Amino acid sequence: MLTTRRVDAYHALTVVAPGIAERFRPGHFVGVAVGGSQTAMLTRRAFSIHDVKPDYGGTVEFVFTVGGPGTAWLAERRARDTLDLVGPLGRPFPLPRDPVTCVMVGGEYGSATLFAVADALQGRGCRVDFVLGAVSADRVFGALRARRMGETTTLTTEDGSLGMRGKVTDVLPGVIADVRADAVYACGPMEMLRGVTAVAVEFDIPVQVAVEERMACGIGVCMTCVLPVIGDDGVTRMLRSCVEGPVFRGERVRFDDVGTIPFDALGAPGGGSRNVS
Amino acid sequence: MLTTRRVDAYHALTVVAPGIAERFRPGHFVGVAVGGSQTAMLTRRAFSIHDVKPDYGGTVEFVFTVGGPGTAWLAERRARDTLDLVGPLGRPFPLPRDPVTCVMVGGEYGSATLFAVADALQGRGCRVDFVLGAVSADRVFGALRARRMGETTTLTTEDGSLGMRGKVTDVLPGVIADVRADAVYACGPMEMLRGVTAVAVEFDIPVQVAVEERMACGIGVCMTCVLPVIGDDGVTRMLRSCVEGPVFRGERVRFDDVGTIPFDALGAPGGGSRNVS
Amino acid sequence: MSVDMRTYLGHVELVNPIITASGCAASGSELAQFFDLGRIGALTTRSVTMAPRAGRPTPRMAETPSGMLNAVGLQGPGVDAFLERELPWLSQRGVRTVVSIGGGTVAEYTALARRLTDAPGVTAVEVNLSCPNIEDRGRVFARDGAASAEVIASVRSVMRYDVPVVAKLSPDVVDVVSVARACVDGGADALSMINNPIGMCIDTEAMRPSLSAVTGGLSGPAIRPLAVRCVWQVHAALPSVPIIGMGGVLTGRDAFEMVLAGACVVAVGTALFHDPYACLRVLRELEELLAARGFHRLADAVGLAHRPPGASTRHRIDLEESSL
Amino acid sequence: MSVDMRTYLGHVELVNPIITASGCAASGSELAQFFDLGRIGALTTRSVTMAPRAGRPTPRMAETPSGMLNAVGLQGPGVDAFLERELPWLSQRGVRTVVSIGGGTVAEYTALARRLTDAPGVTAVEVNLSCPNIEDRGRVFARDGAASAEVIASVRSVMRYDVPVVAKLSPDVVDVVSVARACVDGGADALSMINNPIGMCIDTEAMRPSLSAVTGGLSGPAIRPLAVRCVWQVHAALPSVPIIGMGGVLTGRDAFEMVLAGACVVAVGTALFHDPYACLRVLRELEELLAARGFHRLADAVGLAHRPPGASTRHRIDLEESSL
């Protein structure tokens, strides 16, 4: 591990990981082992990759908030400690062929993953605008960088301590209209993704969302991270957010049914199969 | 935690623990929590107190070898890390009223606990001689200090790399005879304590031994650390080495029966009670 | 805001729900050096047997991931010494005492109960059913509903009417609810769970079992999910029966989990080996958690996790309050 | 010194004893990105069901001390898709495949076995008996020796003679040996243990069960002592029956513990979630441990911890060697 810094309410860790940095594409995440040897914490924690740099053969940075014991342990790491990472994991964000206008919508630490996407988009001549939000100013991640990169940047906080008082979905329609957006990229809490998707559907423009589900493995073998997604054939399947996601086309994700098995999903109970376990 | 140092094959940790230092008497041990928060290692590790000093309100030092994961974790601690100690625990060494001659017999890290005893004995005008042994030179603990404190110091190693080739029990009879010892104090592997006790019995002088049994609590509540000890009434009972020991009169400990329930022990199976669990 | 932590075992009131688990506090006097035993809900004794018992040979313990194995074998002085020395010591200090009993036959359990029935200072009797039934090829009572019920009925019949009889259940069964129901039908005033599931580990250096008894009882946080599941299932089936929940409780959060699952009393066992003050710490942490969530009474949280998906907590609490 | 790591499931030889545990390697292709599946003893598929299954709602997992709870609910594409896509993918790559099957009735298990019997690339069939028996009020087959034996007998009767049938046992029983014996009498060629004991945990913030399914299967090191105990007891009672040992194996040391207890094959499950390379690492570590202790053959270590107190290891090994 290389450096550790505080960014407002967040911790940022930079790790030397050439193998991961090399294969990185925007939207990828890493699985981080927590607790050290003899720990009682068995499962890796998933974190979106915020940034990769070429130094030291390749470094990876991720940003996190302290929630439970695993992130608390990570927050105590010091420079030169070693970290055990697996990655890059997940399906990255697809990028448009043409130089279109894209709105990047980030909530809380969700913003962290968007800057690499914006980089790539700008590399393809796309125009990029930012809409970042959180409950309070100290939880809005990357406002400065957004201002530097984006044509426009709109900030929202629920307590009004920064930018507009409210949610990103309150301002998103205005932004999409003003900049004549062709596409939306979003990462943040599921509730926000649902709202952002609704807005994009309203404007009939494509929206790519990076979702978050509880993950035990991150590599597609445990089947714990599923959510209901509509396929090209119109059939709803319980897809793994770690390997078939975390990036999905927003309108394909049945946000209202997350945490359930929709009756019309393939293999739903009663839908022909019996619930044998 | 204050300092950490290597002493040949051993690690020595000094911890600021005024409450323990204040109540310390030679023979006491501490229970040390290992692994930090969220660790899978549930039980404290027991270590004899090697030394206490008045600095910082009172410090405690213990000496250990790395065996399993708990001691491996302890060996990785750095100065200024915090340690969770319980103590002082156990029954300390009884001291003679009169200024007699005592031989201190230490095996491996067992020597560590003897110096505080020797101090106390010399404070009472006793003559102190040392017999320290181990498998090899780097595992003989405290030879220098013994040479400074003891009238005589005899060292043994099984590979002959320091002092006489052999075990402490090979040289002990000679030492007892030469110095006309009145009593023996011993700490080390159970096999050594058994041998030392045999020698002392041979010479018909009292011997105090500090034993070692697997301990889950160290405070007398779990009943896992028992061994067969003969009481004043001649009855053998399974006594807890953490609270009724670790110091016992050697001739009272039934070394040959450690790891068994002697048929004549109070409450032994068949001895009236049934084995209900 | 202070929380009313009183709770009941049958009709016996405990000042708070945190007690020690049997066999994890020896005779009580050992812990008394660390804190005033009167401050916890009750102290549970090790399982008392008729005759003195030397227990099992050592090694009696082995550490396992987030747990430990023990094979103590009910070492203890026997009921005579218990009644002469240990129980009086506790009652003189006003320590509420749950006396655990263990036997090899229904007759032995009954004889023990008879010895206890007139002894002063017995708050409740906990019947440790995880003992081999000598009359049934050493099959453990707790694994058989009928055998358990027979023991409980017999103990209940000789025990003083105002001393609750608690049946202690094992998780090593096909259906813990059916055993629980059998015990309640047999006259149990309360249930405690879980006793140690049986496990073992092997010393890969010696290439032999780590415990001299080969197998031993598994305890500690590793078994908490099994314990919470048992408490949950039994409370769902028998909501009116008081449950002493135990198994891997290290913190107030863990105790709260047991309470939410349906326990009105929570026992702390293995945690005492790591922290002699564990009971007081768990009690304080539990009270803080309850207060932080706006509970006025512990009782309002018991089994709360069973409420239907719709129902809110406040609602439930308001209901309780309005019924004052 | 290299160790002969070959082992046998019935008469089927495996190049080494380390396999994946059912449901912990999905369809196999996911792990294939990390290493060549041909290098492990075998890959066990998730439990295949007749119809496609969407499984349980999320949350499906919760972390517990040294373990985790899962309630996936056998999500899978159903036997048709399995035979069309997943099995051929494996057999084309020469991956030895243990196919796990799960059903709600004896008929369903039997129908599944019939579908598999002529499918190429089935190394063995593992019968996941931890499924609710629809015809017995949802009682899990594995908890009842007779029901388990009925399933095994029926599967055995339709399965090709040269494909071993493995009965997978649950620890949530009174006596694992009696269920094991019933399965062997029913025709099981081998036994695997343990499937997940049932546990639960509660989210103390939401004050509701952490899993949407309320209860789930406990896995990981926390349950290893239960697994080792089951393997030990069954090997002691049925020394000639091959045992696939699993439950919390993270390292070569853990696999060696299973082997010493009596397992000739060791399955790695939850460890794969933490380390995709776990199987290869465990295999290497196990081989190193065996070599360091002077074993020439894995087979010489199987059940070795059962040797009488007097007997030395060398002795045992020499015996084996002299019998070459």
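By written order: A, B, C and D. Residues from 1 in each chain.
The criterion applied here is as follows: a contact is a pair of C-beta atoms (placed from the backbone, for glycine too) under 8 Å apart; a residue touches a chain by one contact, two chains touch by 3 or more.
Everything numeric in this text was worked out from a predicted model, so none of it was measured.
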The chains touching both chain A and chain C are B, D
Chain centres from averaged Cα atoms put chain B and chain C apart, in whole Å, by 36
Chain centres from averaged Cα atoms put chain C and chain D apart, in whole Å, by 34
Between chain A and chain B, the Cα-mean centres are separated in Å by 57
For chain D, residue numbers touching 2 or more other chains are 65-67, 220-221
Note: chain B residues in touch with at least two other chains are 40-41
Among line, ring, star, complete and other, the chain touch graph is complete
The answer for chain C against chain A in the complex is residues 65-66, 221
In the complex, chain B touches chain A at residues 35-41, 69, 73
Note: in the complex, chain D contacts chain C through residues 64-67, 69, 143-144, 172-175, 197-202, 204, 207-209, 214-215, 218, 220-226, 228-229, 232, 248, 253, 256-257, 260-261, 289, 293, 301, 304-305, 309, 313
The residues of chain A that touch chain C in their complex are 40
Per the touch rule above, chain A residues touching chain D in the complex are 33, 40-44, 86, 213-227, 237-238, 243, 258-261, 265-269, 271-277
